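A short worksheet on the structure shown next.
First chain written, first letter: the chains are A, B, C and D, and each begins at residue 1.
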Amino acid sequence: MMESNNKHNWKTKLHEVIYEADTPAGKLFDVILLIAILASIVLVMLESINSFDNKHHTFLNIAEWVITILFSLEYVARVISVKKPFKYIFSFYGVIDLLSTIPKYISLLMAGTHALVALRALRLLRVFRILKLARYLGASNQLAAAIKASRAKIAVFLFAVIIAAVIFGTIMYLVEGEKNGFTNIPKSVYWCIVTLTTVGFGDIAPVTPLGQFIATVIMILGYGIIAVPTGIVSAEYTKASGSDSGKLSDEEVVQLESVQLNTQCCVNCLTEQHQDGAEYCYKCGSPLHHNA
Amino acid sequence: MMESNNKHNWKTKLHEVIYEADTPAGKLFDVILLIAILASIVLVMLESINSFDNKHHTFLNIAEWVITILFSLEYVARVISVKKPFKYIFSFYGVIDLLSTIPKYISLLMAGTHALVALRALRLLRVFRILKLARYLGASNQLAAAIKASRAKIAVFLFAVIIAAVIFGTIMYLVEGEKNGFTNIPKSVYWCIVTLTTVGFGDIAPVTPLGQFIATVIMILGYGIIAVPTGIVSAEYTKASGSDSGKLSDEEVVQLESVQLNTQCCVNCLTEQHQDGAEYCYKCGSPLHHNA
Amino acid sequence: MMESNNKHNWKTKLHEVIYEADTPAGKLFDVILLIAILASIVLVMLESINSFDNKHHTFLNIAEWVITILFSLEYVARVISVKKPFKYIFSFYGVIDLLSTIPKYISLLMAGTHALVALRALRLLRVFRILKLARYLGASNQLAAAIKASRAKIAVFLFAVIIAAVIFGTIMYLVEGEKNGFTNIPKSVYWCIVTLTTVGFGDIAPVTPLGQFIATVIMILGYGIIAVPTGIVSAEYTKASGSDSGKLSDEEVVQLESVQLNTQCCVNCLTEQHQDGAEYCYKCGSPLHHNA
Amino acid sequence: MMESNNKHNWKTKLHEVIYEADTPAGKLFDVILLIAILASIVLVMLESINSFDNKHHTFLNIAEWVITILFSLEYVARVISVKKPFKYIFSFYGVIDLLSTIPKYISLLMAGTHALVALRALRLLRVFRILKLARYLGASNQLAAAIKASRAKIAVFLFAVIIAAVIFGTIMYLVEGEKNGFTNIPKSVYWCIVTLTTVGFGDIAPVTPLGQFIATVIMILGYGIIAVPTGIVSAEYTKASGSDSGKLSDEEVVQLESVQLNTQCCVNCLTEQHQDGAEYCYKCGSPLHHNA
């Protein structure tokens, strides 16, 4: 479905390879990038294991440099191939890309910057961009709609949970006291949320009979209210998926479902989600270049 | 949508600022109150941390006095600006307001009244009043309806859970005995609820093979029955939200949804939830004063 | 709605008081019985607390004798007032009544019969009979229907959970071994169910990296499959309650809902759930006596 | 409904007994096999308990040999009675059957092959084949459909959970550090999944206030997102069961539901799920032999 186009130059070609997944080269780029990201995460993990780091420090160092250079090249290519580089640089993924590339360079300047591993873990967020492919699985759209629709309700609900945790936490602090591990109110509130969410670490546990009775009330409360967010998402999701298939006529379904999106990404404004076969960007009007 | 009204005096103006959120002054008052409440909760928490309290005791003391005086002024203003002060004083929020204001005064009279922090934590409940604003998010109404509709069913269900906990608790007390931590039946029942609700602290855990087998049965039972309250809320919520949009004609939907409520509060009887544009209280008939 | 009836004698009157809850005397009997049962459970619990039992042993002993004699009288009255005593004696509640009454008598014959407290805890099951009153809350019927409808599906599902627990338990036994607490396969399976049901006591926890990795898989699996029984009950319940209100015409709803049951209980065959105003038992045809 | 057929020989008879459950002999075979499998699993468990193994080693050894020989005979019979033996041998159940039969033979050749118990636990998977009978309970079909329909969505969701676990795990590793049990990032990620899934072993627990605060965020997040897979399965299941009864006309329901499957299994290609009364395999066209 690709048309021949004589404006092709290496920049638009690069843009297509990096930002889109319609062409074989674009797909290959995405797969390689995915592997590089996952390998880099494995490296971060291995480096944190002392026994492994001691034995294979040189290997880990070289591997991290290879990945850092690969990501640097990718970052430069992304900046070059876009018409408005600053728009990319200050976009969400632009910042993530930069932050997840620089830790190794910073470690050259400053020694012992332990905290930089957190920046390296950010690389995982980049997986989401590649998984625009997931859209084709037809899986995430309804799910996202259901979560979005119930967001406000879940927020109100979680707010109520936190208020309950603070009040019960204060009571438990008074009942159990410092000698039984409830050393202060924040710690008591922490214990209360551990209990309400049914996690139950057991690092702190009530010892007095009254404390255990109140804990019982908190647990049954938590048991009862765990039903609420579940019920909300479930109902919203039923509505979201029900309105697609159940209540619309066949014609309407066709109209809604037939818009097939592709992975193209406007070279000018980086807008995504273009219809299959679209010639111009629906946002800025600049032409979308197709592979010949 | 505000009409000029020549009955304005400082009392009705004060009422509008304190009890309503339609005017800029009313909104500002609510935001300041919200910040004061949250700050006061943070103070309570910090005070409970011994190391912090030792260092900054004077600061904490002064800050608590400032907030106590602010809340006292607010309480007096609420009493003055209402036509029937006793109705406010003995209302739910009136009692909460008083109780959460007085702890510091009591501490002047009696030393070492540790338990008063619980009263101060009650301030958090006042947040709910301010969050009548949350109504505008359109979030809490359906949620409240779903919980209300399933209240009786969840009560019957929780009752069954408690009976199961008592019977299994007694059995575990017999099987495991005092040497393994099941020192008496109430503690055994506590353990049983910890297990049934899938919290699982691990402060007490079965040691004998038979005890572990019974624990397995309890856990799988708990796993199976956690589905019940969730299913109930989910179904009720689906019904509640389904009947709004799915089964009513468009006309009915308009009739139901078009009633827009505002944050006005009758100066005479404190009734809330007046329709936008209402001139008189729908409960006592006294005029609702609007800002010019 | 009670009609005068000249066949009244003390036996049918007794039957009405004990087995039914339509008359003031019948309601009073149920309330007293409920209090006696709950008091007896509290006694069992207090007796198990060593420090309390040592101090108040005589009081606990007398109180238990009082309740035992009360229950004995009730048992005799139940046997007398029924036309077919053996049918009652060998019914579910007949056996429960007998078993929960005799422990104190047995303790006279044999000393140190610790295990009898389990029999006494069975008294709690008798609460369910009294709570035929709960039917009037209109709460338990749909709930019971939903659970009944999803019983087979939940059984199949739990069976799959148990198979998964056995296979993963064996693997964890091999991976972690005896030194890390996985002393044998049954204990490993116990740990596996503790994990799958998200209880997580922490009395046994994987120590080796491989064991922790497998534990992660088990937990995510458990997280994923906890959705299944919930989804089933939720859907069944939606169907059960949906077919009542949503898909039937108003006439049908009336036909289904208008059958009001009362608490009468046939004096001949103990059948319950008679319609309000019924003159004869719908099962054995013997007349239902009403209070004049 | 069985027709006389003169092509009967011992091979097709054996096939019918082993692979199908329509005849009394076939049902008996399945029941015996089920008992043998469960007995063999009990043996594996008992053998892992050191105290039991020391006392009854000879008994366990003999019993395991009896079951191994029984399974060997069954395996040979399965290979003989099928027209295309290699198709069976390399099928899923063919491999499971072989692997779960050979451990005892291998233990003759090599001593101390502890890991073979895992192979023996695989026998449990064979239960699923016998439970094709479960189809008749009418329970598993809708369930399987609901799980299948929500598979992709749950996968996307679990993927997001894992990414969250890696990022939060890295942060917790930095905040808590090695001295508080978060010795490396993989262990931190393990802890994070233990917390997100609300299992909460407590073998590792945050100690610093900041770590406990982040743990609180993780727990509330986990509490909020546990709703998502539940909501998905619930909605899919409602749709799956709703489309059967709610939206189809009676005629359509009849058409969909009337296809009654039996337990026959084609002697040529091992295809299952033939309609009741089918004469020829719907896949390869070879005749299905019925018992006379």
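Basically, contacts are C-beta pairs under 8 Å (C-beta built on N, C-alpha and C of every residue); 3 or more make two chains touch, one makes a residue touch a chain.
Chain-to-protein mapping (UniProt): A, B, C, D = Ion transporter.
Because the structure is a prediction, the values reported are computed rather than measured.
Peer 1: Between chain A (Ion transporter) and chain B (Ion transporter), two touching copies, which fits better, same or different residues at the interface, with half of the numbers shared as the threshold?
Peer 2: different
Peer 1: Taking each chain's centre as the mean of its CA atoms, which one is farthest from the centre of chain A (Ion transporter)?
Peer 2: Chain centre farthest from chain A (Ion transporter)'s centre: C.
Peer 1: For the two copies chain A (Ion transporter) and chain D (Ion transporter), what rotation in degrees overlays their C-alpha atoms? Round to the nearest 5.
Peer 2: The superposition gives an angle of 90 degrees.
Peer 1: Quick one: chain A (Ion transporter) and chain B (Ion transporter), Cα centre-to-centre, how many Å?
Peer 2: The computed centroid separation for chain A (Ion transporter) versus chain B (Ion transporter) comes out at 32 Å.
Peer 1: Which integer distance in Å separates the CA centroid of chain A (Ion transporter) from that of chain C (Ion transporter)?
Peer 2: Centre separation, chain A (Ion transporter) to chain C (Ion transporter): 46 Å.
Peer 1: Which positions in chain D (Ion transporter) touch two or more other chains at once?
Peer 2: Correct list: 186, 189, 198-202, 226, 230-232, 234-236, 238.
Peer 1: Which positions of chain D (Ion transporter) touch chain B (Ion transporter) when the two form their complex?
Peer 2: Listed in rising order, the residues are 198-202, 230-231, 234.
Peer 1: Could you please specify the touching residues of chain C (Ion transporter) with respect to chain B (Ion transporter) in the complex?
Peer 2: 41, 44-45, 48-50, 114-115, 117-118, 121-122, 124-125, 127-128, 134, 137-140, 142-143, 146-147, 154, 158, 161-162, 186-187, 189-190, 193-194, 196-203, 226, 229-238, 241-242, 245-246
Peer 1: Residues of chain B (Ion transporter) touching chain C (Ion transporter) in their complex?
Peer 2: Interface residues on chain B (Ion transporter), with respect to chain C (Ion transporter): 152-153, 155-157, 163, 166-167, 170-171, 173-174, 178, 183-186, 188-189, 195, 198-202, 205, 209, 212-213, 215-216, 219-220, 222-224, 226-228, 230-232, 234-236, 238-239, 242, 247.
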